[in-house]
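Shared between the two complexes below is chain A, which has chain B as its partner in the first and chain C in the second.
The block that comes next holds the complex of A and B.
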């Protein structure tokens, strides 16, 4: 495989380095799930050494942070990546609690980035950029904007616990993460949405609302995979919010 | 005229710092107190002492160019002390004020401290001597964008020192442009 024209590869994500025809053709399909990329890149580099000036090293600082119209990720890629995360985690844990904690940690890393990027997209053009210091707007932002950024749709509900004042719940009737996951019987307590809980926890933590966030599987007849993300805020948060009223 | 930038993590660990010498001319303020300071003021802690006494410069201010000046709040440790001291003021303000850009949040003798608090609770501090609200705001927005890009890099863990050479170069370029 060689390139007649200079290859327009600017970044690691924008265009794949090999043609999609090869990827989709039935003859090549057997290699789709092994790692076809590595050998093909090698042979490309060996056969057509590009001039040094033409080799663009991907640089994150050159990339635009605003959301491009066409920058959507396919649900299959998303599900595949998540299933790999779950498998990776499963090999390294001893129990369900540990499992959920690890997923939460990985989600936390995602969440802290979602937080900054989301605010940057909202506020970077503003003359006086604002953070969020009140609790309720933050929770609403999680329900709408965070869910939209991560899952492409707002969450189905935001509820305040009737028994505990420090508890809020974000409800997702059909979580995207669990669409292709069926948890085995002996893992029945496990909720893979712990990852989502981690995202929410990072978002709240970053904005100075420390909380413990957990995911709970709460199926009903209509939505068998319904998940409730339970947010248990620290005492200090409620006290502060009370003062700000 | 110099500017000092610090990026601090939510736990107040410095992740990046930059000293920028502005090409714009500095206004030199001669302080009679500085001239009258005894000779021991050139000792190791002279900078701290003169800074605390309110003097702007311990040596002859005639040259006026930033890098040659010592003491008078230009010493590294004094700068760091002023930056750290302003954190208390910032924490007070950010609790009530939702603005990210906190201009002139603290003052110490010649130095004014402006700050920028990101949603993720990172603090950018800038020590400056002259008023330049709009320039500093633009500069902070640039640094924020660069920081968000750094954070988006999966090889960078949050709240660890930023060592990227590109980041450094971009921040310097932006400082040159706006400060």
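The block that comes next holds the complex of A and C.
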């Protein structure tokens, strides 16, 4: 075969990204994309020891779990990560219902961890740790503590449905996840906050309040991205809560 | 002082966003605009090689008798071009803010494909806010 071997410096770039680099204006391509004669990644890892840096970034596993205040993350990183989650999901679904269900499933995995860490932070230091068994305190906890842990601010409202006794609504006027998202017209029914709904569902499930949680886009003039998280509790939950009165 | 229009040119020379704000320039068909954007991309590539010593940023401002074209090249090769009247002094500042809006409302939007035309309501409204406030 007469194919030339790829130049070793090119091998870490995929073909597509290299060809797009050729379209760049010369300034950008010469400064950005032509790789200097630096040692390749493998030799750096294998032979040369890393330069000793004074700046020690603690590994996420080494950080103290209870320090909630200092552990802030960049909102941009959060937005990019969520954007990738949505793109990943979009490639694997056929319709909007499927889309929302998948986002809900991913959120569920986050929610079960949120539940774990919240109780660890709140109850591990208290002398009489307790578990919430009544419905209303649990819902209030979602509105304040879960929202604060995940979004850094409490939710804007908690309402009880007037028509159905088993329905509650958590309202977020400016959901953090959707701050930079513009949903195209052909997806107009889609609410990316299904992810948030998944978090809530996992939280309720973990406390043994099984419910079906969905997200609905309910814009108004003042808050164009307002979202209502609808919690539809199972019958058994309401019956049990009635007995505990 | 007037801002005529805003172009965003991707790194391959394609026009991915084009919006007019004020009358004053010749009306162009979308095809003509695509051709002009591609030409500007080429001119910019030439100007960035003309510097006698070392690398150059390429053309930053192109002036005519009745208009001024300010070009902002980002590190990723995307170009933001603002067509204004000659007296406009804050074009660079506006481009910087549009770049900011682009990073937020376009690049963080999961429904945008990089290098493809920008169709994002969030970006449209951010641009309206910036240019609206920039116009005096």
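Heads up, the rule we're going with is that the second predicted complex is superposed on the first by the 182 of 245 C-alpha atoms of A that agree within 3 Å, B and C clash if a C-alpha of one lies under 4 Å from a C-alpha of the other, contacts with A are read in each partner's own complex, and residues count from 1 in each chain.
Criterion: contacts are C-beta pairs under 8 Å (C-beta built on N, C-alpha and C of every residue); 3 or more make two chains touch, one makes a residue touch a chain.
Please read these numbers as outputs of a predicted model, since none were measured by experiment.
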- prompt: Touch check for A:140: first (chain B), second (chain C), both, or neither?
  reply: neither
Field: First (chain B), second (chain C), both or neither touched by A:93
entry: neither
Message: Contact-wise, after the overlay, does A:76 reach chain B, chain C, both or neither (first, second, both, neither)?
response: second
- request: State whether A:128 touches chain B only (first), chain C only (second), both chains, or neither.
  value: first
- prompt: First (chain B), second (chain C), both or neither: which does A:84 touch?
  reply: second
- prompt: Touching A:187 in the superposition: chain B (first), chain C (second), both, neither?
  reply: second
- prompt: In the complex of these two chains, what residues of chain A are touching chain C?
  reply: 20, 23-32, 76, 79-80, 82-87, 90, 180-184, 187, 192
- request: Spell out the residues on chain B that touch chain A in their complex, using ranges where they run on.
  value: 10, 94-101, 117-121, 141, 144-153, 157-158, 164, 166-167, 170
- request: Can you check the complex and tell me which residues of chain C touch chain A?
  value: 11-13, 41, 44-45, 48-49, 55-58, 73, 75-77, 104-105, 107-111, 115, 119-123
- prompt: Given the complex with chain B, which residues does chain A contribute to the contact?
  reply: 59-61, 63, 65, 109, 112-113, 115-120, 123-124, 128-133, 206-208, 240, 244
